[in-house]
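The letters A, B, C and D name the chains in turn, as written, and every chain counts its residues from 1.
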């Protein structure tokens, strides 16, 4: 069970709602993923415009926790304003703080993210910041009181996977709040690797929406995250440079 | 479905039978893995000695295809002799050719392996050689008529995972017979990665038998292999160094 | 030529002065390294205690630019205080801002580092912050006016090399001030890699002081940094997954 | 000093002569590289055709050891024939055995390479086979009596660098003859890494001939190989996941 603040979730997969080519495909993908948490960009969803089609109308939103994000914000002030709009909608009390510092890499701004979290925590939000894999930033945010940290594996939509598993491992070891690896996942192997390091969850979007078969990829990601988690819990073997026979031949009942 | 020679298997996980600390744990692990193929060292199993305990007695061997290996052979002649013993037992008609060239790394000897395969194919065996990730060796063996190739991810029991995914990818692209990634798998992420590259199956042993909880790890591996395969079939997104927003902000219904 | 603020240096290697076992070995290593910039911890050097031996007394300090660092600081205030002490000594007007956020990994605190830089810049220091490889932090600091950024390759003294070359490449591409890769270098190959990505310099210490032969390693590092820089300037070939013959055989004067 | 058979060389860089766009640039690159050994494809060089321009005419060939290769051979027989032609020319008594098994990856055929080496050794050649990084193949060839092994870092001309440093390390540790890392080098960092692992030399071609500035890249490679070698001899620090302060703060003369 994934616990964030006072909520618990069966699934450790958080699924974004952007860039699907077709609402029906998206709906099937959401079902196959067995996700409990759907993320969306407050600024992109037409949640305030009754005339526009909206993916959230197609699904039973009672079945999901909605996690709005502040995509489009380039500083703390904008992020706070978007978060307040999301809360005012009554749809959600969690917010993913996303303050982009560069339009080319879409990497997050650590300083503005920290500031936005400070404000939003003081206003009673459940706060999940999207951050780089800076270990001390993660630690400082946890100390500040955020409810989870969401370090990126690699840039949003890049599919590059875990550029720095060592840093993610440090964060997982040092931070007491849930660690959700976010952004850059391309393959089920990436998701499994994040979970096998001990992450509490994985957030992904493009890896599913951009796959040739998004529905099948959604299922792949669900299984990969379960596999990685079970592997973490099961306690993997150590790595070693010398080989060890799985079929030791010393002392065996020789047949020749 | 995994197809090797004229046989088909539901599971793409091949599980070794070595080094489990306890037969009951092993039996549970085998069940959770949902494997269809159990591998064992001919020289180590007490298949010819009715007085010795034998794991295979505990399970319903009708439910499994047994894949004996020639572990303990250090040249082609020994491998052939062990293979013939296995066949004579009546338990199996497939053989994993394993000719070790070095006792420290337990890496396979390409020349003796090739020779052993030549002989065994001429005797009508279904032949699956364990090899390095040498691309042309894999190609030559496929041309020779082996029924699958089993390139190692890294040394047996090392848990180092895929040392050279690029070579494995070349093998998968260039070889028409099934590619079973064998040896060196440590984590479910490794297994998922092999499958996501397009491998037809994964053989592992120590990763499960040496885990703190072998039964849970067996399940993790089962799921990881399914996840990786589905991910391969679903067609992953391309990797790119520039980021792509999953929540594009251009032209969105602006709320501020 | 490496340019930092209004200074130019022939060497792109910055060498730390900590943890050498012997002053004479250290002196030889400094000479072989051909470094122009020596870094030292203000708090550790006995620069204010005439009774203690001091490495700087052994060398002709007129030949070197001294770059004091604020090691030992765990917040901005302490860093600023240490920097002022260094300046008051009259030995130096550059300062490496090092604010450690965790005693186990010795990774830097992005928030306190930024604050310290703000203050020190306003007091006229030449400021070189030691940071993680957070791309936007590097960009924000450059925008603030620091005179170089010093992203870590991996934790101080770890010898793990470049954990995330992609992030270092992003920083090099996006930041207008010099990028000095700092910390974690273990081998000349690591130093060459940092430079080949386009870094302006490399700062290292343990890789030399902890080597079995520090003097020889100092020379190795000097050559590696020159090699990497030249390689960057020479414009490397693209990477590609298909091979290209260096000895093309089409149309060659056939001899058989 | 690099020793191969009864010869010694000051330089550990072996430079190929293919694909330079201009003979004068090539000549400068050769000079800057300070190589002692030039490799060339017997089938491509116009060594038997006095009417064709030939790079070797432009340089003082007395200054270089010529290492012909059997590029263009796709089996042992062809390789042997090409080697004999090279020897008959009187230019050389060493031969790089290159038997390509696939035109797309240009990866070497282990079985035909072994066969060719057997024959050529029996005819008194000094034999240097180009091979994959298959550890046991390298060992078997060394046992056979070859005078050096030349494992590829990655496919010829790919610039992918060392795909599998672990296997190269195993080969270096296990084989008594010189190990020359050959093919796939793209950057000086790759060359430094091969040498830092303990390789005896590096052979490269496209990395220099295909660089934007081949002369500068030749110098970069020369320095990188020296740097890597010195680093190997100097004994690098261990890698560790916990950081170690290069400026320890315990017990230091506190200034605050």
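One rule holds for everything that comes next: a contact is a pair of C-beta atoms (placed from the backbone, for glycine too) under 8 Å apart; a residue touches a chain by one contact, two chains touch by 3 or more.
Note that the coordinates shown come from a computational prediction; the quantities given were computed from them, not determined experimentally.
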Superposition rotation for chain C onto chain D, Cα-based, multiple of 5°: 180
Furthest chain, CA centroid comparison against chain B: C
Approximate Å spacing (C-alpha centroids) for the pair chain A, chain B: 31
Separation of mean Cα positions, chain C and chain B [Å, integer]: 45
Multi-partner residues of chain D (each touching 2 or more other chains): 104-105, 107, 160, 166, 241
Contacting residues of chain A [partner chain B, same complex]: 16, 18-19, 40-44, 46, 48-49, 52, 69, 71-72, 78, 81-82, 85, 104-107, 155-161, 186-189, 191-193, 195-196, 205-207, 209-214, 216-217, 219-224, 226-231, 233-249, 252-256
Contact footprint of chain D on chain B as seen in their complex: 101-102, 104-105, 107-111, 114, 132-137, 139-140, 154, 160, 163-164, 166-167, 170, 174
